[in-house]
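Take a look at these structures.
In the two complexes that follow, subunit A is the common piece, with subunit B as its partner first and subunit C second.
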Partner chain A sequence: MTTAALIHVVVSGLATGSIYALMAIALVIIYNATRTLNFAQGEMLMISTFVGWAAWEALALPLVVVLLVAVAAAALLAWAIEWAVIRRAISATHFDVLIITLGLSLVLRAAAGLVWTHDQFPFPSFFDNRPLVLGPVRVAPVSLGIIGGSLGLMLALGALFRWTRLGRAMRAVAQNQRAARLMGISVERVYSASWVLAGVVGAIAGVLIAPVVFLSSSMGLVVINGFTAAVLGGFGSMPGAVVGGMLLGVLENLAPLWLPAGIKHSVPFLLMIAILMIRPSGVLGRARQRKV
Partner chain B sequence: MSATLALEDVAVYYGKRRALDGVSLTVEPGEIVTLLGANGSGKSTALRAISGLVRPARGRVVYEGRDITHAPADAIVAAGITHVPEGREIFPEFSVLENLLVGGHTAARRELGARAEAAFELFPVLRERRTQLAGTLSGGEQQMLAIGRALMARPRLLLLDEPSLGLAPMLASEIFRTIRRINEGGVAVLLVEQNARRALRLAARGYVLETGRVAVAGASRALADDPRVRSAYLGLGRAGR
Partner chain C sequence: MRRAALVAGGAVLLAWPLLVPRYFVFLTSLIVVNAIVAIGLNLLSGYTNQLSFGHAGFFAVGAYVAAVLTVREPALPVVLTLALAGLATALVGLALGVPCLRLEGLYLAMATLAFGFVVVEAILNLDWLTRGNDGLAVPVARLGPLALASDAAKYYLVLAVGALMVAAAVNIARTRTGRALLAIRESEIAAQASGVHLAAYKTLAFAVSAFYTGVAGGLFAFVVGFISPDAFDVFLSVDFVAMIIVGGLGSIPGSILGAAVITLLYDWLAAFQNYRPLFFGLILIGCMLFMPGGIASRVPRRTPPAR
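Right after this comes the complex of A and B.
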């Protein structure tokens, strides 16, 4: 295999990896605030991408506006789910909430099927589909666009967590909820903000990936890869989510070169099992002690 | 002028266990009041009931004439009460400075710099360590950070739970001196403390809790002379009863 071909495979691996990383970040945002996993994360992505697409179909809006529509839809949906469902289950165990989000994911997927059918639809892309040729290397602009867009979003999130009052409050809640309350932080508002932020990250990931994988009611399954990415990197760690996502994306793309074709979709699970056996705290994770 | 704080017949349950059983007490503006009592007598629970971490089953918590019994914890901080919990509970993954900044969560952004500066003046060692992760501080430094962090919200009432616990005597003395300085700045203090002798020297008045009730109350000097207090908490007179 030539270096040029290898670069192509790695770049497109980094592109899908970026999306996994964004999904992992979305999962970790909610997990850090509430200590629960949101299995409906993928379906939230799918619904908000569909809403953006519907706006594009109906009104032929520019793509930037479509993105904003998807983001707004995601924020509203996430806020509504947190407020209407999750918050009512405040006395439920983390396990109960996990089952609730699993149920929600089924409901959302069925609802999307009713509204938009279970067919696949092409989604408009920000990027040209003619390959970019740099000497012998050919890369798809869409890959570079996804990587660039994702990195931009990650930097924005990093700045938010580091330098804003909300970000600091979210990190404080992740460390010690009771102490966060004593600082005057409304933990409930942080829950709500975490859901909205996770929803928004998902929507941006959805609009970035939809031109590649097509829009369909089953595109939410990407949450599984996001979950694997988060575990790979060390669940709870944001940099870990990014590294885990990229790693997963690249390995998933490289595996078929040496292993039997068709192995691609098993890669996340094989990797997850391997990492849980070798280094359960993940690549960048540290052993977390549970606080009461 | 109403009292800074008044508990009126407050009862708190943890499940079926009764932790506070009808406690009434007051803190006047600018006063230091101490809460004494054995482990499990309800001292920490009283502080938690004030700061909104636990909800009284009965009774009222009144702050500057306002009923805050059912106010959420964040609103209570914004109203001017901060609580330094037992065990400090600093944020270990934050730097010293970030701990202070998060303590100013309810403050305007432009206030934060000056307030952090005031905390550094009170505890110069925190300035030296301001970029260090708080989890790597010594126990005494963590206690200073916890107090500095609580002052970031500019409270008018400071609740302190065992500020000298686990500290060497010298450090404990320093913490107590600082509490007096904070108080001289006009902040009322409700102090829960194991070291009854020290607490009574610092406070104007005290309450002794026993199994969730006020057993004895009065001026510090009177409490220090009270035979029951002497034997049970000051290790003087006849031990036990």
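Right after this comes the complex of A and C.
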């Protein structure tokens, strides 16, 4: 295999990896606030992308506005879910909340199917279709666009966590809820903000990936790759989520070159099982000490 | 009183194929098959608090082992086939369960979820054995000279195996092992401090749970007569979880009730394919918010549970 072809494979791997990383970040944001896994994250992405698409179909809006519509829909949906369902179960065990988000994912997927059918739809892209030619290397602009957009979003999130009051409050709640409450942080508001933020990250990921994979009610399954990415990097760690996502995307694209073709779909799952067995704390995570 | 009710219930179940149309006999067989899975899953999730989203994988292993065995060795008595299906699945359960000892909560849920996907992919790729996507027609089960071809015959097979499995589960739950598993659910640390060997019991729960699910998978293959990988997707695992959530975690009668409710709902909603996940999702959310103990917690008990 030539270097040029290898670069092409790696770049498109990084592009899918960026989406996995964004999913992983969204999961980690909610996990850090409420210590639960949001199974419905993929379906929230799917619904908000569909809302953006519906607006584009009906009003022929420019793409930037479509993105804003999707983001607004995601924020509203996430806020409503947190307020109407999750908050009522906040005293329940994590096990219960996990089942609730699982139920939510079924409901959202079925609802999307009822409104928009279970067909696939083409989604408008920000980027040109013609490959970018740099000497012998050919790269799809959409891959570069996804990578660039995702990195920009990640930097913005990093800044939010580091320098804003909300970001500090979220980090405090992730570290120690009781102490955070004693310092005057409204933990409930952080829960709600975390859901909204995770929804927004998902919506942006959805709008970025929809032109590549098509828009359909089953695109929410990407959440499983998001889990894998988050586990790879060490669940709970933001940089870990980014590294895990990129790693997963590249490995998934490279694996079929050496392994039998049928195995491509199993890569994320085999990788997840392997990493959980060998190093459950992930590549960048630290092993948690359990206090009795 | 209780004994009389049990005898009456047993008599009705035995006479069932004479009382109702064929389709309901088939449906009842499915309920019993699902109840066996639900009991197996409950022994793992309800008793030791190890949530599994991969039981469709175990179910598939059991179904395919039974089907392939019967294709290759048609004369094998069905009891032996089912036992082998259960044992093979239990081995797979051990292979997954031992490394999973390190995991808890969310991580375990994710690992088992991944396991379910890997099993389906494996079935697709081993097409020389499983015929991949085309599916596998399962030959009629034989018991010595008897061919269990009719719905009624299959029903009696399922009922007999089901009764055995329920009796075994009740015994496991009532004895030292069951108490140890419940202790693990309440607090792993407290259980360990009281002398419960955590690793041994958690592994045991995994293997027993897989055994139950494997046997049920084998029965499913015979009852339905045709299996293909798409029948064992992740949504089947979710259905199994729904059964124990609706019925009640950590309750054997609850498992049976939950299996019956979900199987019947599934059947009634068959004409409304698109609404089915909507209902199931709402049921899951509703149960968790308003009835966390499932149906079993709403039935008043005359005797306090053994503690």
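Observations
Simple rule for what comes next: the second predicted complex is superposed on the first by the 288 of 292 C-alpha atoms of A that agree within 3 Å, B and C clash if a C-alpha of one lies under 4 Å from a C-alpha of the other, contacts with A are read in each partner's own complex, and residues count from 1 in each chain.
In this section, a contact is a pair of C-beta atoms (placed from the backbone, for glycine too) under 8 Å apart; a residue touches a chain by one contact, two chains touch by 3 or more.
Since the model is a prediction, treat every value here as computed from it, not as a measurement.
Of the two partner chains placed by the overlay, neither subunit B nor subunit C lies in contact with A:A21. Shared-chain residue A:P280: touches subunit C; no touch with subunit B.
Looking at the shared chain after the overlay, A:V196 reaches neither subunit B nor subunit C.
Contact comparison for subunit A: of subunit B and subunit C, C touches the greater number of residues.
By the touch criterion stated above, A:M238 is placed in contact with neither subunit B nor subunit C. When the shared chain is aligned, no partner comes close enough to touch A:V142: not subunit B, not subunit C. In the superposition on chain A, A:S266 makes contact with subunit C only, not with subunit B. Under the contact criterion defined above, no residue of subunit A touches both subunit B in one complex and subunit C in the other. Those residues of subunit C whose C-beta lies close enough to touch subunit A in the complex are 49, 51, 99-100, 102-103, 105-107, 109-111, 113-115, 117-118, 121-122, 124-125, 189, 238, 241, 245, 274-278, 280-285, 287-289, 292. The residues of subunit A lying in touch with subunit B in their complex are 165, 168-169, 171-172, 175-176, 178-187.
Looking at the complex, you find that subunit B touches subunit A at residues 51-53, 72-74, 77-78, 82-83, 85, 89-94, 98, 101-103, 105-106, 109, 149-150, 153. Residue ranges of subunit A in contact with subunit C, taken from their complex: 36-37, 85, 88-89, 92, 94-100, 102-111, 113-114, 118, 224, 227-228, 231, 235, 260, 262-263, 265-266, 268-270, 272-273, 276-277, 280, 292.
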